[in-house]
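Per-chain numbering from 1; labels A, B, C and D assigned in written order.
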């Protein structure tokens, strides 16, 4: 089953706020409003014809200038009004696969930077546990209903979320100096900022 | 139940027997250890003949310490931009337009365009920080004239980090290059001034002519 | 009677500097004597922020970093990233045929050396040191061959976007063929030395059983998944590169010495995969065509906007590269979902009620590699 | 020796004491040297079995490596962890040392070459080696380290369990010889292999196997090295030890290996017995004895570098479900066998020769396998021949 058929199924059976996105990149994806994520994913897992029994990957990325065409899902605006506007958000991606039906689908959603909250899907797939912990650790997304939401890669007292675009790496951590040496500084290319 | 009990004992003895025969056999086959600093691994003939064949020593494309052949470099800075970890630093200044030549005096071709390479800028600084280099070979692949390339040298421990910065342009060369650049600048300046003078003169002449006409 | 006695669990810290945690992984164990009651893996000691680094490096400049993601099988990491980028750019059909064959040969060779290390390390955790050294001896020959084609022994940077960095010589091919003839009996010999050993079988059989359903739920991948009896191999089921053109089997766990999905099954799947890889390489050596080894790629590529999740079969299971491009010279986001990561996440579940010595066996049989886990 | 001293003009009592001290010193130094040399031997053999060289720098072929190691260990800082039980921590290594070195009282160095041939020699041997377990347990407990504690507990459980099969295994030679004295047991055996106790009947072979496996476990050798299991418990009971104390543990471990070999040789393999016409040459007897001990030590080291390790419950299974019933069967079987054949020496000799022939047959089988495995490893790889391209 390809993504479009799955999209039609969701739309027919669930009446969810979803949108289909095909324009960008080689893999089409289904766009779901963040408060519908758990319901849509539950449907995808439990429907017999779909039976997505694996969560291959889940992650997110920080979009500083997202000119999304789906604003009408969030706000009560028409499609044309959003043109030209940009929006800062954390985009979340779920990659699902089914060993029984041998098909895959990409589910996308996004949350605003100020209020990064989405439902946890640990109850559906155990593999979501660590993947969500990693997204929480590096991107600062809070998963509601996650049993054990702690930092996984970084130490518990780390400040900030490194994979956000506005993250500035600290100059010291527990009195360990992190400033580059004179030699390193002299090698930094001019006019190239990191 | 009882069968499994005796099967376990039997399997235990037979598999240990087989395993012991293998370890015992290994005692009498060739030892793989090469006692490195004493055995010259790059040229030892006995190793080659015994078991390495053409794999003996360093292969031709071995990625050791980087080296720059100043004569070939056109100061194009492609290697600096390619390097993922910024371990190459290049500064340059204007120079006379020349064509770099290799050892035999033949002009060097640009590897990508197959045209003769042209040098318009001279190096005033070419440093490689070997302490940071990860020997990925991207700079070597990107260099159009083959000036920067890896050597087979791999022993590179030094006393301090400063010694690991390889400088390929000496202060003397830098001074000459800077001086020459200033000269060129001055010449260009002079040319420009002369040209301006000429134009001015021409203008004045014109005006004078104009005035005379009036 | 026993309920009246108040007992307290012993909290033990295993790692980060522990001989058998394969790098730096830490476990906080709550044990009842030697029996583990609760196990909490603490990872991240090797977190180098490679995903963050990718956001400031050019697309081609990131290839050497994939070597460092998993240095036990750097060729496979190279391949996974390069194929993902090629797919994103839509140039996956332009790769020359010879380059595809070389890619498969080197990545299967690397699979052999990676499995050799995995098996050897599992043996060493069980207290048998000799098989590990024997496998390392064989791995050196593979490293020699790789050094011959790309000039490096561990971090190859050989596969690049658009093909491979250098052509292979006919000598390399003949030497590879000779190596396979040498290696095939050695694998069987080391099996006789350790894998069929009664003590070893007793240590691995019936330990940490992962039923197929649980394996899928935790998204175990690669040999760990196949050890649980799920016949899924991306090379076979979602084939890429030239894998459809070669003939090989997918070994799965069958409960050889105990229950389906125990440590011994996972271990033996790896051993059998070595033999399958030998088979694949032999076919490739026969079929390899002449021709170009690299498609024409600009020196500074800018893939179109969009994102991709691309999976390849590496020795530690399917490695997925999730890449987001915003049309600039470096990726906007790059996430690597590795086999060790999911393998590690199942440990708290299966390490309940086993001995401390069994936890070592579990880590060995899941083939967890710390750099790949933490990235 | 005291006779020589008396002739030099000393009184009998001081002369006896002085000669005792001298003998003790000689044996002590011999033990320390043997323990040290065995560490090098083990490392060299393990190197060869893994197709590498092992230590070969200090002295000819690395033979003085143990001296270098010893000096290094003595020069190291002596650390006692915070919160450790200092007294127990300090004396623990010496319990191990005493347990092993105490055996030298009855240790036979050849036919009739012993410090003291006690009439309860074997009994003394078993009881004095039991002191080792106290040392290990103390070290594990006093280190204030959980890994050490686990190692100590494992060691205690293991050594206590394996005392029983070892003791039961030794009953068979005692039954055969009718004495507990080491000299006595050696004296009933002859020089030829079929006169050794091990080949007397199927039951003696069985008891030999049980005794050998059991004493491997008592000496904490792989596959029974659970107390220090370096891949599980880091280093077990000696995790926290450094410097000289660690050296003492090491020394007693390797000296224990020698003791194991010596006891096995004396009790089962005919000791240093020589044919009658050579019986006067004590030196030859010592040589023969040492050669046999070396073979046993080689086998123990060889096993260590071949086998993986047991798990604690499997270890207990092996002891209580396999070795102990086996030892009972061997003991009863040997008793019945001796009762039936006691008046027919011809049958006894035939059975003994038969057992020896079976052993020779197994050896031949073994060397055939060794040859096959050697051939497999010698298939060329990366050879100059393969520089020629494939056609």
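Quick note on the criterion: a residue touches a chain if its C-beta (ideal position, glycine included) is under 8 Å from a C-beta of that chain, and two chains touch if they have at least 3 such contacts.
Model, not experiment: these values are computed from the prediction.
Across B-D and C-D, it is C-D that has more C-beta pairs touching. Centre-to-centre, using mean CA coordinates, subunit B is 59 Å away from subunit D. Inter-chain spacing, taken between the CA centroids of subunit C and subunit D, is 42 Å. The distance from the centre of subunit A to the centre of subunit B, with each centre set as the mean of the Cα atoms, comes to 41 Å. Chain centres here are Cα averages; for subunit A and subunit D they lie 63 Å apart.
Shown for subunit B are the residues that touch two or more other chains, namely 8, 16, 18-19, 22-23, 26, 32, 52-55. Within subunit A, no positions touching two or more other chains are listed. Residues of subunit C in contact with two or more other chains: 130, 134, 137, 144-145, 171, 175, 189, 193-194, 197, 199. Pairwise, the chains that make contact are A-B, A-C, B-C, B-D, C-D.
Of all the residues in subunit C, the ones that touch subunit A in their complex are 43-44, 47, 49, 51-52, 56, 87-88, 90, 214, 216-219, 230, 232, 237, 304-309, 311, 318, 320, 322, 324-325, 332-333, 335, 337, 341-342, 344-346, 349, 374. On subunit B, the positions that touch subunit D within their shared complex are 8-9, 16-33, 35, 48-49, 51-55.
Residues 10, 12, 18-20, 33-34, 123-130, 133-134, 137, 141, 144-145, 169-171, 173-175, 177-179, 181-183, 185-186, 189, 193-194, 197, 199-200, 202-203, 285, 355-358, 360 of subunit C are the ones that touch subunit D when the two sit in their complex. Residues of subunit A touching subunit C in their complex: 24-27, 53-57, 59, 61-62, 93, 95, 99, 102, 106, 125-127, 129-131, 138, 151-155, 162-163, 194.
The touching residues of subunit D, when paired with subunit B in their complex, are 45, 48-53, 302-303, 305-307, 322, 366, 369-371, 373-374, 377-378, 380-387.
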